[in-house]
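Pasting the structures in now, so scroll down.
Heads up, the next two complexes both have subunit A, just with different partners, subunit B and then subunit C.
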Partner chain A sequence: MADDGTGVWVYAVVGGGRYGDELPAGVAAERVRTIEAAGLTAVVGTVGLDDFGEAALRRNLEDLDWLETTARTHDAVVGAVARNADTVPLRLATVCADDEQVRALLAESRRDFEAALRQIAGRAEWGVRAIADTTAPPAPDVGTDAPGGAGARYLARRRAELSSRDDIERALAAEAESVHTTLLRLAAMGRRQSPTAPALAGTREWMPLNGTYLVDRDRAREFADAVASLDRDHERLRLELTGPWPPYSFTGIERDSGRESP
Partner chain B sequence: MTMSGREPAGMQPYGSGHQPANLGDILERVLDKGLVIAGDIQINLLDIELLTIKLRLVIASLETAKAVGIDWWEHDPWLSGSARDLELENRALRDRLAALDAGETMPAVESGRQQPAQQHTAPETTEDDRGG
Partner chain C sequence: MTMPPDENRERRVALVDLLDRVLAGGVVIAGDVTLAIADVDLVQVSLRTLVSSVRALPALDAVSAPSEQATDG
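Then we have the complex of A and B:
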């Protein structure tokens, strides 16, 4: 740990030092700079441990406003880097003690970074979500002459409603799977993720697909067109396309597979 | 179709382009993904796994708080645990009926297991708090 009360927040690692744009300010409003070693460039910023040290992070990360601001800023820096270079994003809150440690990190993990860079070269990540309309058609009219009393009629209607909702959900899940399969054919890689938490997604509707795809840059238009066309083909699914994202979901897989919490 | 981010026609990558993306989009990428640095050189000040778990808890609790009273499946007796309760209750009732039909004396009510029949709520009279 540094003695001067600062640490080095690492945003991303790129293969070369060439990306023209000026980068936005970092999570501590600090100037974002680069550290080079082992033929790699780390994009970093110096942050105060009062706010970004271990104890402070434990406290701050429970504050959703703080988390949102920090996550958006981190993403903005990574995105600005990725605009001009193949970029390996680092997970939020990767903090080194000092520049020397960042250099050691680049040297020690050179092969991992290079492998990740090869995988994402010339590609970007796109997110595709399907939101389902599960509105059931009107329940079949059981009629007042149905056997039994009001309770039995209620039960019959309720069962019919539930079973038709069941059918609808099964059908929509199959449609979502076929959307995913179609998109995979246009992508270098792709995967389905758990549905986004409703509180964060801004919707409580059912999300039968939360996919993310690594797509060649020169196929981005084709991919977006395919999403639009799938959206038209599937009346009960509303497809939402986000991106392009830096390849967050396609750079850390091999390396952290043994460390991911279940 | 909804385009969060830029128009596909432009296709300029990155930058402030995906800023309108919702918090969920961003968090599920910057927290769950991205290269995780591990290994012998302990460069992190934080135990990243602990951090991630903690973040998940924060998000989960937020979700829970907001979801209470909204997720229909959690309140539908046919899809939640109360459906099983009703089923068990029905079975207990049928057993008692069968026992009565067989001319047996009414078995003594075992405390905690069965209740007098008139207090049972048959499904027909179950109120549906969801309307429809």
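Then we have the complex of A and C:
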């Protein structure tokens, strides 16, 4: 730990080339700078441990306003670097004690960074969400002369509603799977992530696809056109494209098993 | 919230998209060179933070188990 009450926040690692002559200010409003070692360049900023030390981070991460501001600022720096160079983002809140530790980090993880750089070279990440309309069509009319009276008629109608809702969801899930398969053909890599919970998204809509894809930069237009075309073809799905993102979701082998272990 | 519902929804969705990536993605450095915060499960932290910011929680169960199916290739 540095004695001067500061740490070094690491935004991203680049292999070389041109990167951000004019980067935005960092998470502590600090000037963003670079540290080179092992043939790699880390994009970093000096931050105060009062706000970005271990205890402070644990507290601040629970504050949504702080988290949102910090995440957006981190992303702005990483995005600015990624516009000019192949960029491997680091997980939010990677803080080293000092510059020497950053150099050690680059040296120790050189192979991982190089592998990640090869994977994302010339590519960007794009997100595609499918939002579904699961409104059931009107239940079939079982008729007022059906036997059994009002209670039985109600149950019959309810059963019909539920089964038609099941059918709709199954059909929409299949459509979403087909969208994902089509997009994978245009992407270098892709994966389905767990859908954003309706509560978090502030909506009750169903999300049968929350995909993210690593796409060659020179195929970005083709990918976006494909999303637009799939959106037109699937009447009951609304496709939403986000990006380009720095390749956050495609930075290494640790993600292949779902969750990384230390 | 003072924002119109649509704008609020858009902002929230955009934030969730971002947090999904900066908290669950990116290279994780484990070891002696970083502060111990790297060991904290940031996804759980952010979900707790987000959830506590949402008044109505009809789908909390879906939130509590963030899992992913990798389909690389």
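Some notes on this structure:
Note that in this section the second predicted complex is superposed on the first by the 247 of 262 C-alpha atoms of A that agree within 3 Å, B and C clash if a C-alpha of one lies under 4 Å from a C-alpha of the other, contacts with A are read in each partner's own complex, and residues count from 1 in each chain.
Please note the rule applied: a contact is a pair of C-beta atoms (placed from the backbone, for glycine too) under 8 Å apart; a residue touches a chain by one contact, two chains touch by 3 or more.
Note that the structure is a prediction, hence the values are computed from the model and not measured.
In the model built by aligning both structures on subunit A, subunit B clashes with subunit C. In the superposed model, A:167 lies in contact with neither subunit B nor subunit C. Looking at the shared chain after the overlay, A:127 reaches both subunit B and subunit C. By the document's definition of touching, both partners, subunit B and subunit C, reach A:116.
In the superposition on chain A, A:190 contacts subunit C only, with no contact to subunit B.
Of the two partner chains placed by superposition, A:4 touches none, neither subunit B nor subunit C. Within the superposed three-chain model, A:91 lies in touch with subunit B and with subunit C [touch as defined at top].
Look at A:225: by the touch rule set out above, it reaches subunit B but stays clear of subunit C. In the superposed model, A:50 lies in contact with neither subunit B nor subunit C.
The intersection of subunit A residues touching subunit B with those touching subunit C, taken from the two complexes, comprises 7, 10, 13, 53-54, 57-58, 61-62, 64, 67-68, 71-72, 74-75, 88-97, 101-102, 104-105, 108-109, 112-113, 116, 125, 127, 193, 196-202, 204, 212, 242, 245, 248-249, 251-252, 255-256.
Listed in rising order, the residues of subunit C touching subunit A in the complex are 5, 8-9, 12-31, 33-40, 42, 45-54, 56-60, 62-63, 65-73. Interface of subunit B with subunit A (complex): residues 1-5, 8, 11-19, 21-31, 33-41, 43-46, 48-49, 51-56, 58-60, 62-63, 65-67, 70-71, 76, 78-79, 122-126, 128, 132. Interface residues of subunit A facing subunit B in the complex, by the touch rule stated above, are 1, 7, 10, 13, 21, 49, 53-54, 57-58, 61-62, 64, 67-68, 71-72, 74-76, 78-80, 82-83, 88-97, 101-102, 104-105, 108-109, 112-113, 116, 124-125, 127, 139, 148-152, 154-155, 158-159, 161-162, 193, 196-202, 204, 212, 217, 220-221, 224-225, 227-228, 231-232, 238-246, 248-249, 251-252, 255-256, 259, 261. In the complex of the two chains, the subunit A residues touching subunit C come out as 7, 10, 13, 53-54, 57-58, 61-64, 67-68, 71-72, 74-75, 88-97, 101-102, 104-105, 108-109, 112-113, 116, 125, 127, 180, 184, 189-204, 212, 242, 245, 248-252, 254-258, 260, 262.
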